[in-house]
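One chain, chain A, appears in both complexes that follow, with chain B as partner in the first and chain C in the second.
After this line comes the complex of A and B, so read on.
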């Protein structure tokens, strides 16, 4: 087990290294092809003094001549960047000269809270629906569950979001405030956009919306896994022993169906990050997804690299945890 | 998936109509008389570091400058300054009112201004408003030219000698409350500039810990921060109880709610969480149709203007008759109806009416839609080359594409030539525009730094053909600008700048297309809502020194 973890960690490091280099190369190409992002520092409409421009370029490490040669991988700045990362210096943004590490400390908790609510929603809803459908296999309930989840999944998340923000949220908030008052939980929870004064309350609805991403996949995965277990020998034995149906479902069926579910959550995690970009954007949540999207638009090369590296890191860690959970859930699985 | 979906989301945002009536909007945000304002991303809260509308909205309320711009006339009126005088428009003497302090008790004296100006003018600080000091004596020493080319280690990377001068030699303190400023050339508009953020004072404690001061600015104005301001989460400003100024604010404080790019305050305005908001084009119509809401709207011209500029470095655009033909081919009214009639007003001058010295109608007949005259002018200029397309260069924000497509359609219809819209990403566009790499008319926009027609003339068209984006140069124009700077009175200067605008109009290096409009709605708990004609945040703003909360 220990050796397996070490091997996986080394692989993860290699993956992250490759990701970092690719990101760096793409950003260098972007500077070479699209033009000098240092100009953005001056707002755009005016021609900066060459001395000032050179200062800004030096400040952000854009003064290396490799940025003038299209296709040059800019290895020297890459090594500099790695050294800075190792020292814990994540650099600053071009616009506003803000410390990237400080930005991450604001953005990451918001995205984590968003993900917490969406994972809870996804798991709870799909578990209930999947279990329910499996127990009524082939009957009306099974078809209804399948139909509704596919419908929910096929509506793009941005449409749900926009419908909520522009049609539902305003009347709902005003209705709730008439009854419970503005400062109450109900008066805040339906707000059309995130508010930092209520960091938990106003993130619940966006979290639930992100949680609908992959609902159908997850429900059907759970249904299939449970059906397989429902038909297995040990369940038949348990039934024959006269165990109550609830105990059979919870102890024997659900636990043994966890492996595909954990796998599913693992890969839906990466998927949810794309849902987070939209949700954070539309509902004004200062989180990682929106940060990366805006950084790309604004040519904040450093921010893009750091942001995507963090998300690559999370994906690598989540998949490692998923693999380790297999062993915990199923005693037959051993890692040598 | 993400990028496409976000683009689609953007489109749907602008297409989605808003629902719900405006029956019971009452601001229920914070405490007593606290106004809830939307704000975008703030770059800095220390004078000299912001240079964008959002930071300036806070800075202008936390700090008091030497002058403040009158809400009606836009003219500078002394605020911290007792008197600003000059005998030759080149050496200026500024007397500061006695007894003023910063929030922390430090005196607001000559040193407070020198400290701030030196910081902004010092090149290694790389502050966005550095260029405001370009006309000061001693600026060159703090912003040196590159070393001779043969001393560079790499022939492509310019190198500089280290900058040792940390003080603007043109600024001296005659006594504790008197400043003397020497400019490199006479500039009559100097006092007009002084109300801008670049010239505000800074406390000593602020520069001792710049980072802390960015989060909790130490100003000398009517509002102050008791807690830190956060760029993502906003913050609260309270009224400074000991404010010595004549006009104390009527409200207890301001809560700033942050809306970063792409986020819209309109839904929160409808729930009463925001007090002033400008709807997007899509929401505008339903807002105006709402009887209760349309009584609470402020509509007035925004001094920002939109132009179509010509690459005068290109062979094809040498003939002024061609440039005039293109201008006359644009049906400004028609284009406006396509892209949102309430957002723009057709423009036939280079300096809009709301600016001191503006409203000259200098473009006159050449900015009036007349397809026949345009075709005749085009024929005189030798016609349009057969089979060639007119290429119009724009940066690719969604709105720009719509606007310039409508402009292109109009030109194409009037002149019978084909056109092509070439969208470019913002930085790419800036680089190409600056390096004179465009082969057709291009988008050019401008918002003022201060209330003087000079600000629409010299920064855009001055500097010579090699420097400005159009590649335009006219000795007569340059002479007129210099003459205006040396004028004896501001009135005289404004008139001379207006003459310079006429010279510009003769040559037409760009054509004015639209002036923009503000459309700000406010909640019924507010009264005396005034929007500054020059400085207002584009997405909803008012004069916080004047606004009253009624409820």
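After this line comes the complex of A and C, so read on.
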């Protein structure tokens, strides 16, 4: 088990290294093709004094001649960047010269909160619906669940978001404030936008909306896993033991269906990242998704690299956790 | 014994102490497959007495497993449905009972051992948990009590080092040991009827004999009724008291073990017996029953065995044979049961 974890950690490190290099290469290409982002420092339009431009270029590590040669992977700046990252120096932004590490300390918690709520929503709702559909296979409930989840899945997230923000949120908020007051929990939950004074409460609804991404996929996955187990020999044994259907489902079906479910969550995580970009944008949440989006818009190469590395790191960690959960759930993997 | 009867009276009202332990009467099971109703069991009848072993034999697909699942109440419904007949436990028709009572019957009164213990045990729970679960659910036992009882049971079925093995998972046992676990689980609540559906088919030969000995020993100790479903007529000859032969979903012959082997009254049984490889028939050709088992969706008319029967006459294709008893307690569903019995055919 210990050796397994170490092996997986080394793999994760390698993956991150490769991601970092690819990001760096893309950034270098964009500089080579699109032009010098250091100009942004001066507001973009004006032509700066060459001496000052050179100074800014040096400051942001853009002074290397490789940035002039299209296609050059710019290895020397890559090594510099790695060294800086290892030292804990994540650099500063071109616009406003802000410390990237400090920005992350604001953005990361918000996105984590958003993910926490959306994972809870996704798992809870799809577990209940998938189990329900499996128990009533081929009947009305099964078809209804399938129809509804596919509908929920095929409506783009931004449409749900816009509908919520412009149509539902305001009357709901007013209604909740009239009953419980502005400062109450309920008074904040339905707000159409993020409120830094209530970083948890105002992220619940956006989290739930992101959680609907992949609901149909997840529900079908759970339904299929449970059906497979419901028809299995050990469930027949459980019936022969005189167990109640609920106990059979909880003890002998759900746990056995967890493996595809965990796989599904790991897989849907990538989708939820894109859901997060939209949601954070529309609902004004200062999170990683919005940060990366804006960084791309503003040609903040370094910020893009840091942001995407963080998200790659999260994906790697999630897949590591998924593998460890497999081992925890299934003794056949544990005792390999 | 006294304690067993008290339990029966508590959980199954209306028991008759003089009635046979288990009586299956004209049981019918149909499967609904793509809108069609396919009969898998078409009137199975047999009786099991306390302390006796009833062997059910017959080709693959003859409905042996479906019969046992219907008795247990664990048919896959849908597609399977019991469409007729009675299953009397101590004279009480358990098919008529509510679901609550039926659950009590499972495990407490009737238990089953399946063929493939590897798939019949849940791979994610320790064997101790899976055995102990019975005590916790049916007897309200605590975790510790359940564990203690599970260890006792593993001891009983001859698993060495039961104390440590209790925490192991099914895949950590050998085939024979796994089947012992399965048997321990079936025995947990001291059922009066044990159904063993091909309990040794998945095992290698030396282990098969050990498992059969174990089953017989425990049956004798507990005075249980045992229904043994098997393809192996050698095993039947060793352990059974009575035999029911199934063909195309029907019990076509029923007799005690002696009569079945000495004076079979159904051509199908006769053919089965001839198909046993014999050590004394040096160089003799092994006979097999010609033709294929019938398709349950399109059974031959009259006697379903007629296309393959060496004794068939014209009447066999037209008329369903009646149940004939050429001797007391020995019945056969064949137009010529008497002649086959007396070996004139």
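Note that the second predicted complex is superposed on the first by the 332 of 336 C-alpha atoms of A that agree within 3 Å, B and C clash if a C-alpha of one lies under 4 Å from a C-alpha of the other, contacts with A are read in each partner's own complex, and residues count from 1 in each chain.
The rule is short, and it goes like this: a residue touches a chain if its C-beta (ideal position, glycine included) is under 8 Å from a C-beta of that chain, and two chains touch if they have at least 3 such contacts.
Since the structure is predicted, the reported quantities are computational estimates derived from the model, not experimental observations.
On the shared subunit chain A, the superposed partners chain B and chain C are arranged side by side without overlap. Looking at the shared chain after the overlay, A:50 reaches chain B, while chain C stays out of its contact range. When the two complexes are overlaid on their common chain A, residue A:179 makes contact with neither chain B nor chain C.
When the shared chain is aligned, chain C comes close enough to touch A:247, but chain B does not.
Of the two partner chains placed by the overlay, only chain C lies in contact with A:233; chain B stays clear of it.
With both complexes superposed, B is the one of chain B and chain C in contact with more chain A residues. Touch criterion not met for A:86: it reaches neither chain B nor chain C.
Superposed on chain A, the gap between chain B and chain C at their nearest CA atoms measures out to 39 angstrom in whole units.
Residues 34-37, 39-52, 54-56, 59, 63, 65, 68, 95-96, 98, 106-107, 156-159, 161-162, 165-167, 169-171, 173-174, 177-178, 182, 191-193, 195-196, 274, 277-278, 281-282, 284, 286, 290, 293-294, 297, 299 of chain A touch chain B in their complex.
Those residues of chain A that touch chain C in the shared complex are 231-234, 236-244, 247, 251-252, 255-256, 329-332, 335. Chain C meets chain A in the complex at residues 69, 72-74, 76, 103-108, 111-112, 114, 116, 119-126, 133-134, 137-138, 169, 171-172, 185.
Listing the residues of chain B that touch chain A in their complex gives 1-2, 5-6, 8-9, 12-13, 16-20, 24, 28-29, 41, 43-44, 51-52, 123-124, 126, 128, 130-131, 134, 143-146, 154, 156-158, 160, 230-234, 257-263, 267-268, 270-273, 425-428, 430-432, 434, 445-447, 459, 463, 467-469.
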